[in-house]
Every structure is written in C-alpha cells, then in structure tokens.
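Order as written gives the chain letters A, B and C; numbering starts at 1 within each chain.
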Amino acid sequence: MSKRTAFRLLLAALILVTGALGCARDEPQIAMGVRTANDHAPFYLADKLGYYQDEGLDVAVHLVPSNTEIIEAVQRGDLQAGAVPITTAIAAISAGVQIKIVAMTGRAGDGLLVRSDSGIETLADLRGRRVATIRGSILDVPLRVALQDAGLDPERDVTMIYFTKLGDMIQALETGQVDAASNTEPFMTQVERDGWGEILCYYSASWPDHPCCVVFVSESLRSERPDDVVALMRGHLRAVAYAQDHPHETAEAIVEYLEAFDVPLVEASLDEHKMRIDAEITPQEVERMAGLMHEFGLIERLPRADELLDTSLLRRAQP
Amino acid sequence: MSGWRHRIVGLPALLLALVVWEVLPRSGLLNPVFMPPCSQVAWRLWYLLRSGELLRHCGASLLRVTLGFGLAAALAIPLGVLLGLHRRLYLRLAPLVGVLRPISPPAWIPLAILWFGIGNRPAVFIIFVGSAASMLLGIVAGARGMDRRWIEASLTLGASRRQAVLWVVLPALLPSVMTQLRIGLGLSWMAVIAAEMVAVNQGLGYMMVQARNLFQTDTVLAGMVVVGALGWALDRLLLRLERRFLGWRAELEPHDLLAA
Amino acid sequence: MAGAPNWSHMTYLQLDALHKYYRPEGRLLTVLEGVDLEVARGELLVLLGPSGCGKSTLLRLVAGIESPDGGQILLDGLPVRGPGRERTLVFQDGLLFPWLTATENVAFGLRAMGIGEGERRRRAERELARLGLEGFGALYPHQLSLGMRQRVAIARALVLEPDLLLLDEPFAALDAARRRQLQDDLLTLWRGRSLTTLFVTHSLSEAVLLGDRIALLSPRPAQVLSLFTLDLPRPRREHPERLDAWRTRIGEALSRAAGSSAGRLTLGGGAAMLWHA
C-alpha cells in the first residue's frame, strides 16, 4: 500500500485506541466494587435487602478479587465507587487517582498468626524472626505500629517477607517458611479452629479500633451527582446499623457472598473484641494512617486531609 | 546497506514513538494515570538508579536468571545430545518432556513455593522449568538432524566412540546448541519476572508488582523498560559468544553438506 | 606387457558373498546380492557402476561403518570388524570438519592416535605439502576451493598411512581441469606408497585412467558383472588411443549387461551416465 494510506491507517488506529481508553460506558447508576471480606458485609446486606433500591438508587455490587483491580477499574471508569482498605485508598490518592474516601465500613479485625508449636508468645519473641505481610497494606502499617510498641524496629529487628495473597501467607506459616503471618478475619479464627495455629495478637491492641476498610467514590461521581452519593450513604448507614444488631444474619450474608466458611465460624469472627462494622470516620485517624505510610516510606507524597476525605456526604445522610 | 547506515535507519521510528509517548499523556488525549509521559518514566528511572534500588533489583533478577538458566543448560545440553543420538532412549522420554514443556512458568509458582519455600530457590526452580524443556527438545532436534556422516568420517579416521562424541559431535552441534541457549535465555528472562511476583523481596518482577499495588504506574513502566533493555543485552552477549566460537559457521555453503 | 605394474598376487582384501539390504518403511531393498571380489596388495581397483547401484554401500562395508547382512570381509586373512584407520575412507564431498583448519583436519586421525601436538602438526603440514597445499594449513574449509578441500580430505586419509585407501567418487563434484589434476596427484601418491586402493566411480573415463583392474557392477541389487584387467602402461594419458579402446570395450560390456538384464535396469539414466567422460 502507499505511504499515505499506511499513514492514515496508523492515525486511525491511534485515534481508536485513545478513544477507547477515554470514552464513557453504558452502566447502572452506580457500579461498586467490593472485596470478599468480613468488613464488606454492609454491601452484601444492602444488596441483598434492597437498601439502595429503597433510596431510589440502582447500585450494582461487584465482587472483585483484589484491591488494586478495584482502583484500576475506577480509573478506567468501569466502577464509580468501591470499598478497599484505607491504605489502598491513601496510596491511590497519593499517586494521583481521582477518588475520595467518604465513609468507613469496618475497623480492626487484623492481627498476627503464629504456629501453635512455635513457642512465640509475645510480639517481643518475634525478634530475628520472619514475618509475612503484604507490603503497604492494612496488614502492614498496623503491624509496624504493633512491633514498634513492643520495642522492635520493623526494618531491622524482624525480617519482613512480602506476599501478595492472604492464602499464600497462611500456607507459608503452616509449612514453616515464616514464623508469623499478618492476616485478617475470618482467616484468623479459622486457623485457630483448625488447630495448628493461634492468634498472637490483634493490632487493635496497640491501635484500638484502627480503621480497616473504607468506602470511596470517584471524583467525577462526587462532583457530578452528590445527591446519589448521599443516597448511597443512607443505604450504607442502614446496612451498618443492621449488621451491628444482627450478627447471625450478617454471618449468613457473608457466607453466601463469599461462598466459603460456615456461619458459626463467621459469627464467631464478628465478635466485637475482634472487629467492628462501623460507618463513622474521622479526619484524625485518616491523617494518622497517611502520616504513618509516609513515614514508613510506603507513599511518596503525603496528601492533605481534604484530599483524602470528604465526610460531608455522610453527614447529610445522617438523620 | 553499509555499516552505520543500517543502524540509523531504525532511529526515526523510535524517536517518533518516544515523542508520541510524551505528547499524548501530557496533552490529555491519553489519561496520564494510565500512561505516564515518557519524561516522567525517564525521571523515575533516574531516581531508582540513583537510590541504588534499581541496581539491587536488577542484581537479584540477574542472579536468579543466571542460576536457573545455568542449571537448565547444564541439564539440557548433555541430555539433549544423548537423546539426540540414541533414538530408543529418546522415544522413551519424549512424551514425558513433551507434556512438561507447555506448562508455563506462572503455573509452576504454587508448587514451587510449596516445595522450595520463599526467596531465591522457588524463583530459580521456575526459571529452570521454564527453559529446560524447550532447550532440551531443541537440542535433541539439532542432534537428530546432525549429519551422521561426520561421525562416520571420524570413525574411519580411527577415532573411538568417545573421541567421536567429544571432538566431532559437540563441535558439530555447537551452532544449534547456541541457538537453543539464546532461546532459553529469553524464556528464562520472562520466567524470572513472573516468578518474582510472589514471595520475594527484591527483583524487577517484585519491583513492578509492588509498584502496581501502590499505583505507581511510572515505576511499572520504568521496570518494563529495564526488563526489555536487560533482556536485549543478555541476548547480545550470547550473540557475541556465538560469533566468537562459531566464526566458521556463517560461511558454510549448502553443497558442503549435501551429497553431490 | 612392458611397463605393466608388477604386484604380488597375494590377495589382500577378500569379499565373500556379501549381502546387504535395508528396510525403508517396511519394504525390503536389497542393495548387494552376493558380491565376491578379491583385491591384491598394492593394487588400484576401480568399482564401476551406475549411480545408486550400491557401490558406495560396498565401500562403506569395507570401511566398516556398516555391517553386511551376509558374507564376510577379510583383510589380510582377518575378518573386518568395525571402522578403523587402517581402512580409511575419503567421502564424496570430502567431509572436512568445518570447525577445524586444514592442518587440524589432517591431524585429526593422528590426534585420535594420541600423538602430541607438535608432532602431529609436523606430519599434517608435510602431508599437505605433498598434496600441493603448502601454506594453506591455517585456512578453514569454507575458505578453500572444492579442489583444495578434496586434497585436504585425501591428505587427512593418507597421513594415517592406511593399509587400504577407500575413495568414494572423490572427484565427482569437480570441474574437468581440477579432476584431471587430482587424478594425476592421486596416481603419484598411490605409486609412491604402493597403497592398496579401492576407487568407486560412475565415470568410464576415470575408471580406465586409474584402475589396474575394473570391477563392473550391475545396477541394484549389485553383483560383480565382470572384471577387467587393464594391461595399460602408465602414465596412461600418453596412450590416448589405447584408453579409447578400453573405453569402447568396457562400454560394450555395459550395454550388453543392460540389454540382458533389462528387467533390473530401473535407472535408464544409469547406463547413459557410464558414457560420461
């Protein structure tokens, strides 16, 4: 073919590609990405019990395998809202992703597992040992705080081994490749029940009631349709209240959506000493988490509080 | 084309690509979150280099590749020659190798971690399986396709079987072995990046997966650039070795090998 | 018969009822069917036959790189088992090792004998000089012309001072001038060492020029059709009309053979090839 034709084809291809990357898609009113975890129960409940519909919203709740994928989907425009660990949200905002945290969904529930026969009884016993965690995540920052509390330097006094999946860490613990594994409910309770491991501590011991997972919305949703976000918050608040009062039904919903575990186990893991489903969130705790991430070198830029959090929509949703 | 000319002729396309890469994200035509501009990635590369991080990660990946590839070659060359020359033995083992080869490196990861734990060993294992089977089959094919008459010639010159293998078979097979080594090195390099995405604390694959989870796309791209560049450099290194040892090969004419 | 070579009539190489067959894809292909032949010490015997008749196979059996399926091969009374440098074979395309220089190629057999580097280099270079390749030893085969490569191949065989020199159409790929040159060189070398030589060719002219005797082979499955003893004095090029006479005589024998065994002449081109000068 001639050079001109070739050039035109190339240009057309280029335009197609950029167009495809930029254009909006056909979607329900709000597409929301959540994980399979205890503290995402409010979304399962709201979805199942129709709380969003009651607010006049058409919300599609998608179960997504990883936090990173949720953020990436929001970047692409496939999702407009989601629930991820606060650390993921902070890292994303720090890197320039256009989202904002609007509410909490769950607190605590994370801690350290060790093998029953390991002889490790306190955090101080972890000196010189290998600890499995997911770098930069909610399993990492509170862990470092807990270690510091116990007088250990997370970089020097223990060897952090970084994984990307919860299940891999448990396997590594079981086979003896690591001495402690940072993990979350309901895995913690399950390991204890299985007998070979035990819970060394919960991070809430050194940071009581620390934030775990948060709800966020994309900037475009927040600026273009704030009323829809308020309606979403109303549904969320209702679901949170329900979860706090009905642990058994909550456990049933979790088992149904996760397609794993059993109701008695999950119900036991929802115990208030282990974790708490909650919608309230304060700027102070968000700033503290961001500050710690920055201090530990997990994020490069420390975002301002108003960049990270907007509670006005949650306030408007409250009676 | 004469020497320097054919190197230059590829430059305009390369430069155009770089310019497009810079302009599209900056102008907003392409969302910069998805594709940071070229200059930002370049800056990130510089930053990583200066902080020593990049060298640390490169070193870790290169070490694993060297070990894994080295082991794979150490197995594939002698075994390949043996199977290539002994038809019966080859028929017995060929199905087993044939079944193992298509299993891609990431598929081996769970097993590798289970058997070898975390750190260098599972990565080296994954690289090993990623390249050994392919090199083995390639060397076998080369050995089977070797002109048997060279062996015959050496025997009629009084060489023992052992001498024939060492002095004739190995040099005769060197060209195809070198080709297989280059292919195997390429496969090893790809396998190491996949293998480093789990349970290691350094390496280019690790660097990229961590960057992804912290939404640092410019680091991901910087990593890809380094992976591409190192992969290219490794291949050139082997090519140089090939030229040095096989200077006689390029000039082999067809009628040397065919019967009149 | 003045000037005819006077060798000892002791049989040096004896082929008895040699049988060889192959089974390509299950079919039975008989290549040699009951070949009998005797070669005297110091003789240059030419095996003449159409292409594909099995004369190369015969040579390979004598060289020991293949074993007969029937019959036996005796060298100086002892059965031949496997290849060895005393029965070295010069292949059709020389088959020099491309990764070795000319000198290293020639020295190959010496190295296999365990001779030290200095000594084998000396012998190799001397042999190359005898074949007119002095100074070319450091070159690789690909840098040499075809004719030169064949010389190196012959040097490689001769340096081992074999009891029996086997040559499989060594000059077939060369042009007329080179072929002439090499034929003369071979004759010189053969005479100088009284080397027992088996020379395979499909060229009538070459056979008549070189052979003390010519064994005419039939097309596959091969048998020795007839043996001719050439009472021609050497150098034979000085007697072109006698060469001619022999060519005619053998040529007639060939066409008679072709006519009488028409059923086995599967290669029409074979007979025509024999007339190729």
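Heads up, the rule we're going with is that contacts are C-beta pairs under 8 Å (C-beta built on N, C-alpha and C of every residue); 3 or more make two chains touch, one makes a residue touch a chain.
The model shown is predicted, which means the values in this text are computed figures rather than measured ones.
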item: Chain A to chain C, fewest steps along touching chains; value: 2
item: Identifier of the chain whose CA centre is least distant from the whole-structure CA centre; value: B
item: Centroid comparison with chain B (C-alpha atoms), farthest chain; value: C
item: CA centroid of chain A to CA centroid of chain C, Å; value: 85
item: Centre-to-centre distance between chain B and chain A (centres being mean Cα positions), rounded to whole Å; value: 38
item: Whole-Å gap between the CA centroids of chain B and chain C; value: 48
item: Sites on chain A at which at least two other chains make contact; value: none
item: Touching residues (chain side chain A, partner chain B) in the complex; value: 14, 18, 21-22, 67-68, 71, 75-76, 91-92, 94-98, 134-137, 160-165, 168, 171-172, 175, 177-178, 298-300
item: Touching residues on chain B, where the partner in the complex is chain C; value: 149-150, 152-160, 163, 167-168, 171-172, 174, 246, 248-249, 251-253, 255-260
item: Residues on chain B engaged by chain A in the complex (per definition of touch); value: 20, 24, 29-34, 113-114, 117-118, 197-201, 206, 209-210, 212-217
item: Complex interface listing, chain C residues touching chain B; value: 60, 63-65, 82-85, 87-89, 91-93, 95, 97-99, 108-109, 111-113, 140-143, 156-157, 160, 166, 169, 172-173
